[in-house]
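Structures are listed in the sections that come next.
What follows is chain A paired twice: with chain B in the first complex and chain C in the second.
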Partner chain A sequence: MAQTEWIEACEVDDIEEEDVIRFDHGDRTFAIYRTDKGDFYASDGYCTHERFHLSNGLVMGSTIECPKHNGRFDIPTGAAKRAPVCVDLKTYPVKLENGKVYIQI
Partner chain B sequence: MAATAGKRDYSLTGPEGKRAEEKGLVAADWYQTPIPRPQMKELMKRKNGPAIRDTIIWFGGLIILGYLGYLSWGTWWAVPAFLAYGILYATPADSRWHECGHGTAFKTPWMNEVIYQIASFMMLRSATPWRWSHTRHHTDTFIVGRDPEILTERPPVWKVLIMEVVHLYGGPKEIKRFFLHAFGKVDNTENEYIPQSERRKTYWEARIYLLILAALVATCVLTGSFLPAMYLFLPSFYGSIIVILYAMTQHLGLYEDVLDHRLNTRTMYLNPVLRFLYWNMNYHIEHHMYPMVPYHQLPKLHEAMKHDCPKPMPGLFSALKEVYVALRKQRHDPAYVIVKPLPATANPYYWGVSNVPDPKWHTS
Partner chain C sequence: MKDYGMVIVGAGEAGARAAAELRARGWTGAVTLIGDERHAPYERPPLSKQALSEDGEPAPVTILDRPKLEELGIRLLSGDAAARIDRASHEVHLAGGARVPYERLLLATGANPRKLSLPGNASNEMLYLRKFEDALAIRGRLAAGKRAVVIGGGFIGLETAASARAKGCEVTLIEAAPRILMRGVPEPIAAMVEELHRRNGVSFKTGTGIESVNREGGEYVVSLADGSRVRCDVIVTGIGAVPETSLAAECGLEIENGVKADEYLATSDPDIFAAGDCCSFPHPLYEGKRIRLEAWRNAQDQGTHAAGNMLGDRAPYGAVPWFWSDQYDRTLQVSGLADPSNTTVLRDLGDAGKLYFHLDGEGRLVSASGMGTPGGIAKDIRLAEMLIEKRAHPSPESLADAGFRLKELLKA
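Let's turn to the complex of A and B:
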C-alpha cells in the first residue's frame, strides 16, 4: 500500500466560502476548496480534460467549473458532471487542525 | 512587409496539427489580462433571470413574426415577414447554441441543456459533435491544423463565405453528417475531437434529428405546402445572413498561430438590438479570454479589460469593412494580417512559444 502523509496546505481563512485556491507541493499541484456550506475538500489541481488549473475556476455550491471549457466536477467526490470532462477528478482527504487545512497525499 | 507563403493545409488530419504541436501551440497557456480574483468571482456569477427574460422575448418574437408570416402567406408581404422570422430564428439560435454550450447562460444546468439542444437543432448542428468542436476551438483558437472552426483559410475561399449567407456550405455538410452519425459513423475531422465515450450520444441525436426532419417532410407532403418548413428547417438557411456576418468579424483578418486572443480575435461595439441577437458575443476577445463569464456580464468584463486590449471596432459595418479589406489583401498575400496597436496601459502582446520568428506568417 502506498505511503501517505498529512501536509499542511493553508490557513482556514485563506479560502473564502465558495472558493478555491491552488496549493503546490513538490512537483504536484492541488486545488483546495471551501464550499458554500463551509466544508473543505482537496483534489488534483488540473482538470482531467486538459491541463488547466481549477484554482482559476468557479465554485458553485459544491461544484467546481473549469475556467477554460466550463467542464464541471462534484467537489466532494470528484465525479465528472458536465462535458467536456469525462474522467473523474482525484480527491484527497482533508482535515482541519488549529486553524490550518491539511490534505492527505 | 509583404511575404510570400505557400498554401497551408487547414484540415485537422494534415501535417499542420503536428507542426503546431512541435511549436508548443497545442493546449498551451494563453495570455490573460490580469483581473483580481474577487472581481473575477463577481463577473463569473451565474443568474437565471437575464436568460429566461431573453428566451421569452426570443420565442415570443418568433410566435408574433410566425403568425404574421402565416397571415401573409401567398402575398408578397410574406417575404419581409419570413425574412424577419428567419433572422430572429437563426441569429439567436446561433448565439444561444453558443452560450448554452458553454453552460453559462443560465444558472440552472438543465435550462442550459434544454436550450442548447433546441438551438442546436434549429441551427442544424449536431449537438454533441459541435460541443466538442467548440471545445477544441477554445483550446486552440485559430491554430492551423487544430481549430475546426476557422471560417476560411488564407488566402480566403470566397465561395464559402458567400454560400454561408444562406448556409449552403455548412448546412448540406451538416445534413450529410446527420446521416453518417445515424449509421454509427463520424467523419475524419470529427474523429479528431469527439471522444469515443461521446459517440453513442452523437448517433442517437442524429437519429432523433432525422426523425423530426422526416416528420416535417411528411407534414409538408400531407398539407401540400412547404409552409411548415418555412418555420422549422428552412429558416436556418434563409435567415443566416447575420449569423455569417457576425462570424466573419470574430477572427478573420487577424493572426493565426498565436497564444494571445488580443491578436487573433476581434471585439466590436454593437447597439442593444444587435447585442440581444448576439448575446453580447461582440465582446469576443473578452469571451475567449474568460469563457466562464456569462454573456450578461461581458460588458462589465470589457470595462475591466479594455485598458489591456486594442481599441474595439466601433460597429458591425466597420468591423466587416476591416475584414473585407484584409481578406482582399490576403488573396494576393496570404501572410497579411492586421496588427492593432495596444494602449499604453496594456501588457505587450504574447506571441507564444517560439512563434515570433516565423517570417512566412508574420507580417503586417
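Let's turn to the complex of A and C:
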C-alpha cells in the first residue's frame, strides 16, 4: 500500500454548511465538503467526466453536482449518481482537530 | 408485452440515454438502437470545441461504447438508416432491407444543419457541422494563418469561431440579424459574448446579408449586401438546424415544428414516442407552450424520460430548459426560456461574470442567463433553475444582491 499522510486542508469555519471548497496540495487538487448535517468529506477535485472542478458545483444534502453537465456524486462514498458521470469519485479520509480539517492522502 | 422489444431510431444523445435507461429500469426484453452513423453513440458538444481545436488525433467521445452496449444487451444497428415505419405491422424497415419489429418505438432522429443556398459558384463548398466526420473535415481546413469565414452567430458559429482562433486562423463572423445570439439569449449577454470574441481577434459583420459566394482561384470571395467583400480559405455555416421528421411524416404522424408529442412525449401514435432535437412538446412551466429544444441536456433528459413512459410510466415531462456554451475561457449558461418582456434583474459578480434574471408579470422567475467564468456563474444558474422549477417568486432585491446566497431563496 502506498504511503499516506494527513494534510491540513483548511479551517472548519472555511466551509459553510452544505458547501464545498477547493484545496490544492502539490500538483494535486481536492474538493472538501461540509454536508447539510455538518459532516466533512474529501474527494478528488475534478469531476470524473470532464476535467472540471467540483468546488464550483452545488452541494445538495450529501450530494455534489458538477456545474458543467450536472453529473452527481454521493459525497460520503464518491459513488456516481447521475449521468453523464459513470466513474466513481475517489474519496479520502477526513479528521477534525483543533478547528482544522485534515485529509489523508 | 410481446418479445418484440423496444426500438429506438437515432443513436445520438437522446437515443443512447433512452436505451441505457430501459435497462436501468429493469426492462429485460430486446432493446435495438438504430443509427445511420458508423460510430457507437457519441457526444456532440465537443465537435465544435475540442474536436476542432485540440492537438492530437480527435476521436469521438462515446456515450455507450461497444463493450458497454454488449454488457447492457443493447443491439446497435449502426451504419444502416431507418427507411420507413410500418405502424400497422409495428415494424421499422431499414435501408438495407431488414425489418425490425417493435412493441414501442422511440424517434430520436435529431436535427440536420439548415442549408444555406447562395448565388455564386461556391455555395455547395460551404461546410456544416453536425457529425464527427463534419468536425474532421472542418478541422482539416483550420490552420495557423488560414482565413475562415463563419456564417451565423448562434452557438455553433461562435464556438467554431473560437476554435478557429485557437488554431490561429483569421476569423470573420457574418450574421444577417442585427446582433448575434438573437434566439434565446438576452441582449446584454450577447453583447458580452461579442466583446469576448472581439478581444480574441474575431471580426464581426452583423446586420448584413450575403449576396454571393464564389471561388476565385485558390480562395473564396464572400460578397456582402453592404458592398464589402471578405476573402477566405474556408467557409463554415451554422445558421440553425431543421428537425429530422421525414420518417414520422411519411408514416402519418403529426408534425408541428418537429415530431409532435404530448406532455408524455408520446406522438399521435400511442406506441411511438419522440425525444431530443426532433421533438416538439408542450412545456408545463410555460403555460403549455409548444417548444422544441436543440440542447444536449434536453436530449439526455428527454431520452431518459421517454424510456420510462415507453414502459408505462405516463409521467409528464417538464424539466427546466438549460443550455450552455463554452467559448475561450468563458461559459454561457441559460436556464428557463428567456423573456425580457417584463422584469429584468442584473446580478453583477464583477470579474466572475454577470447574470440576468427574467421575471414574468406576476414576479415569477422564468429564466436566468449568465456569462462569465464557469466557477462564477454555474452555481447561481443551477440554483435559479431550481427556483424556476419551484415556480418561485424571488424578490428582485435578493437576486440583484451578489452577496446574498441564492440558496437561501430555495428554503423560503
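In this text, the second predicted complex is superposed on the first by the 105 of 105 C-alpha atoms of A that agree within 3 Å, B and C clash if a C-alpha of one lies under 4 Å from a C-alpha of the other, contacts with A are read in each partner's own complex, and residues count from 1 in each chain.
Note that a contact is a pair of C-beta atoms (placed from the backbone, for glycine too) under 8 Å apart; a residue touches a chain by one contact, two chains touch by 3 or more.
The model shown is predicted, which means the values in this text are computed figures rather than measured ones.
Enquirer: With the two structures overlaid on chain A, would chain B and chain C clash, or do they fit side by side?
Expert: clash
Enquirer: For A:65, is the partner it touches chain B (first), chain C (second), both, or none of the two (neither)?
Expert: After superposition on chain A, A:65 lies in contact with both partners, chain B and chain C.
Enquirer: Should A:51 be classified as contacting the first partner (chain B), the second (chain C), both, or neither?
Expert: After superposing on A, A:51 lies in contact with chain B but is clear of chain C.
Enquirer: Does chain A have more residues touched by chain B or by chain C?
Expert: B
Enquirer: Between chain B and chain C, which residues of chain A are contacted by each of them?
Expert: Shared contact residues on chain A (touching chain B in one complex, chain C in the other): 57-58, 65, 67-70, 83-84.
Enquirer: Could you list, by residue number, the parts of chain B that touch chain A in their complex?
Expert: 27, 41, 44, 46, 102-104, 107, 109, 128, 131-132, 135, 138-139, 195, 197-198, 290-292
Enquirer: Could you list, by residue number, the parts of chain A that touch chain B in their complex?
Expert: Residues in contact with chain B: 19, 49-51, 57-58, 60, 65-70, 72, 82-84, 86.
Enquirer: Tell me, which parts of chain A touch chain C in their complex?
Expert: For this pair, the touching residues of chain A are 18, 52-53, 55-58, 65, 67-70, 83-84.
Enquirer: Would you tell me which residues of chain C are touching chain A in their complex?
Expert: Interface residues on the chain C side: 17, 20, 43, 63, 296-297, 300, 304, 322, 324, 374-375, 378-379, 381-383, 407.
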